[in-house]
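In the two complexes below, chain A is the common chain; its partner is chain B in one and chain C in the other.
Then we have the complex of A and B:
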């Protein structure tokens, strides 16, 4: 299997959406689409699977929740009990209402931060990484659809030309 | 056009009749004299004989405070029996009040939600407007019933509002200081003003959107936009005052600065749940073919979000009072924890934990039977919420979930179903004149 790809460039998201649908209907494989902004419904048109980040967020939230319970119990009940406002300081359950805001914040903190880290790792992003987008214009006003070449290259190029593209490039990847 | 099926009509009338009989029984079976109460207390003491020993131990452990109160209790047995009599006489009234307020609150919350849709010029919800108008149609009926209830209260038919009793006020300096606000004529005038304002908007908005259906320009629509914004200002002020007047004044010594918001949270989540349930019912019957699962998804998101909002306010109110531990404030929660622990904490499970876990997943918000199950749990939970707001002040430790409570809910539910579904037959179920109707029909997630 060759690593040859065709990069078809579009200058409008509606044309891009129609093109994606046409290419998929003709059974060509779209590797990636680069857009300057999130295009509503593009994931569905490309047939991408639904994200599972929500599940990880739930798990991370649970971890944060449990961690905060352990943390508050350790800090306020076991390690250094303090008399705050006359509340009994030797019982977790009787002090629990005061810990609820912390439990909430820790749940959100863990869910948010670990979710971002997961997202970076999953999309292979890290500091000083070189950009993957094939053309800097996709960060401005252009959309690029990358279609892998299988079989007749010339046929695919002429097919893509009819989908409203403004520029076509065949490259190795 | 929707036709009110005879089956549902029979259900509504059956609920009304069963409820009416039960409410009647509740009123007739209340003890009428101190002697009856003493007899009842004697009976219950005999059956609970074995519990008494553990009570004694608890009292000793709890220290002299409880012992002192036990002593005074035995000294003034007559006074205690009379106190219990008053509480028991309040019980059927309170049960009716909870039901009246709950269903009124649903229609008022729906009206507020409807006004928000107009004021924000929302596109997605236009296909649901007629459903909301139908639910809001209960507002005038509920308002009249509540007003009659208040007039009866002010005539001393019941003693829910202790500050209405001149006997009580004469011996209570705290209430005396509030007499400028908490007096019967002003209370009734305020209630009349709130209700008049809300009913006016309900009638007016209905008229304008019906007129918009056949209009050639959007003048009705823009007029409704302005009226809705003005209504929301009026509503937020009056809703807050209403919650002080109608619920918080049941405990005239106690106050909470976020009480209006707390009642509002309960109101809006019950209202949105009802909109979702009625929409799913109508869709199941083959009407509302233009409502797709994205509309229901959005309603379920609101159910989820406002359930959490309610919990946030419930907890904010509780935590500040718990932490500060000021006697005159903390009594409110002490009664609830001592006498109402199961409903008070149970409703947090129903109103928070259950919707949180069930509706968190995005896909579940589009499954009808998930929304229906959660919706029913949320409505029961908020009914208990209102119950726990009202009952501790009026019947105190004498509460139990009996015939009065259940039949009051059934009676008003029957009236509610009849009025709402009757109103739905009055106009086409699609507000086709709204300029956003196309956007709403094509709405997808």
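Then we have the complex of A and C:
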């Protein structure tokens, strides 16, 4: 099987949504949809699974929280306990209230940065990465649906033309 | 159309007959066009002020902190005043981008990008002051718990000043990634429109290869939501911790439990004023009146009015508690604040922060652009004086009457302060010419629900 795809272009998000539903109902495989802005409900219409990135943020936050406790316990209590302002640092639990602000900040720091890094890695976003949108207009006002060609190509093209597309292109991937 | 329903009573957030393409063109216009004379004039003034500040900073570092107006009694004055002022200004950006996102306020989308830019630029200014005040700036990394040749020499995690280091650096870095993640699709838009190869290269680099896949958008929205959820308590914690710098000390006038909420409200208050100052000019200069509407300005004025009143309540509560405490030192600190040698600063603070926002109860005044601009400047002056009053008047008459003194700034104090204002505007003006100043991808997503022509179409049809 060739890696042929049909790129159907739409100029409206509502037409695109209807088209996505029709194409899925007709059992064609949508490889990808490129849109200039987040179209709400598109991921569900395409049958994409929900993202688990919020769960990773929670885990990263927990790591940051535990790390901050370990760090402050090691630096303030274990390695070199001092008597600062008549408040000796011999017990973590007794000194803990003073550590709360930094526990909080480290939790947020880890959760936010590691989640964003995870997002960039998973979505392949980094400096010097080449953009992969098939047409420059997809960041302006055009919506592109890529449907893989399986079986009769001409039939698929005429089917897609009926979904309200404004431009259609067959390319090798 | 039914999926884009919005109550007819809500006024449109995008004025005029706009298509998706119009939004692209109008947001890209300031970047693709040439700067006019006004921009160059503003830029050169800001640059000169910035260079004056750089000179003053170099002089301070070369000679020592003695070149400032500080003395034995008033050991903290303009430096910390400016620090708190700038950090406070930053808060509005996060409030708009994070808190209003959680509350699903669509009006944030026209202004969030510039407000976040303001946050980042003003926190940069704020960060300069504690670093310069260290004197030996080359040892600034000592504030971080880094392994060093002394082995067991760590930072003191009991110190509110160290909490501040963690709070401000977390705040700055998280705001930066929040801002940048939102910028990716808009940089991609500029990249795909760029004609000149150099521009194309720069914007491809900045856009991290954003392609706008459905999965990317799904993650993008989730990441924005989680970042907003993290940034909301973060922004509250930052000014809370800034207030701990004072509240955990034993100085009468500082040692009060009301400080955290009072500082946070004040920060939001001054920040919204600065957003108004910047956006009222930008919407005009960059022809963005269709996206930053009078309604946006009105809503920000309401926030200013509410937070200004909260700050007013805090001032009065402080006075009441000082009297009610029965503690002579506490009572004197506040009596001296209001009627002592710095009475004029106190009066300025009261009139700018508590009195002037009350004009916003009037619909006519809060929808007047000129008046909003005027009040935004007044509030910024008032909030600077609030910090000056809290800091200097609490210190200048300390425990020994023999060491009572006054504080007066030297030309170096003034130079550094003016320099940071210059630096801030240098950054903001460069931003306004090179960055997509409106989150156009997000604005496009609300065009059909909140755009004027779509609302008219829908209301006409009686769906």
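Quick notes on this structure:
Assume the second predicted complex is superposed on the first by the 164 of 173 C-alpha atoms of A that agree within 3 Å, B and C clash if a C-alpha of one lies under 4 Å from a C-alpha of the other, contacts with A are read in each partner's own complex, and residues count from 1 in each chain.
Following the convention adopted for this analysis, contacts are C-beta pairs under 8 Å (C-beta built on N, C-alpha and C of every residue); 3 or more make two chains touch, one makes a residue touch a chain.
Keep in mind that what you see is a predicted model, and the values were worked out from it rather than measured.
Of the two partner chains, neither chain B nor chain C is touched by A:151. In the superposed model, A:98 lies in contact with both chain B and chain C.
Judged by the touch definition given at the top, the superposed model places A:139 against chain C, while chain B stays out of reach.
In the superposed model, A:86 makes contact with chain B only, not with chain C. Put chain B and chain C next to each other and count what each touches on chain A; the higher total goes to C. Look at A:54: by the touch rule set out above, it reaches both chain B and chain C.
Common to the chain B-facing and chain C-facing surfaces of chain A are residues 54, 85, 87, 98, 101.
Chain B contributes residues 315, 318-319, 322-325, 360-362 to its touches with chain A in the complex. Every residue of chain A that touches chain C in the complex is listed here, in rising order: 13-14, 32-43, 46, 48, 50-51, 53-54, 57, 61, 71-72, 75-76, 79-80, 84-85, 87, 89, 95, 98-99, 101-102, 104-106, 108-109, 111-113, 115-116, 119-120, 122-133, 136-141. Residues of chain C that touch chain A in their complex: 1, 3, 19-21, 24, 145, 152-158, 160, 162-163, 166-167, 170, 173-174, 177-178, 181, 184-185, 188-189, 191-193, 204-205, 207-223, 225-227, 230-231, 233-234, 237, 241, 244, 440-442, 444-445, 448. On the side of chain A, the complex with chain B involves touching residues 54, 58, 85-87, 97-98, 100-101.
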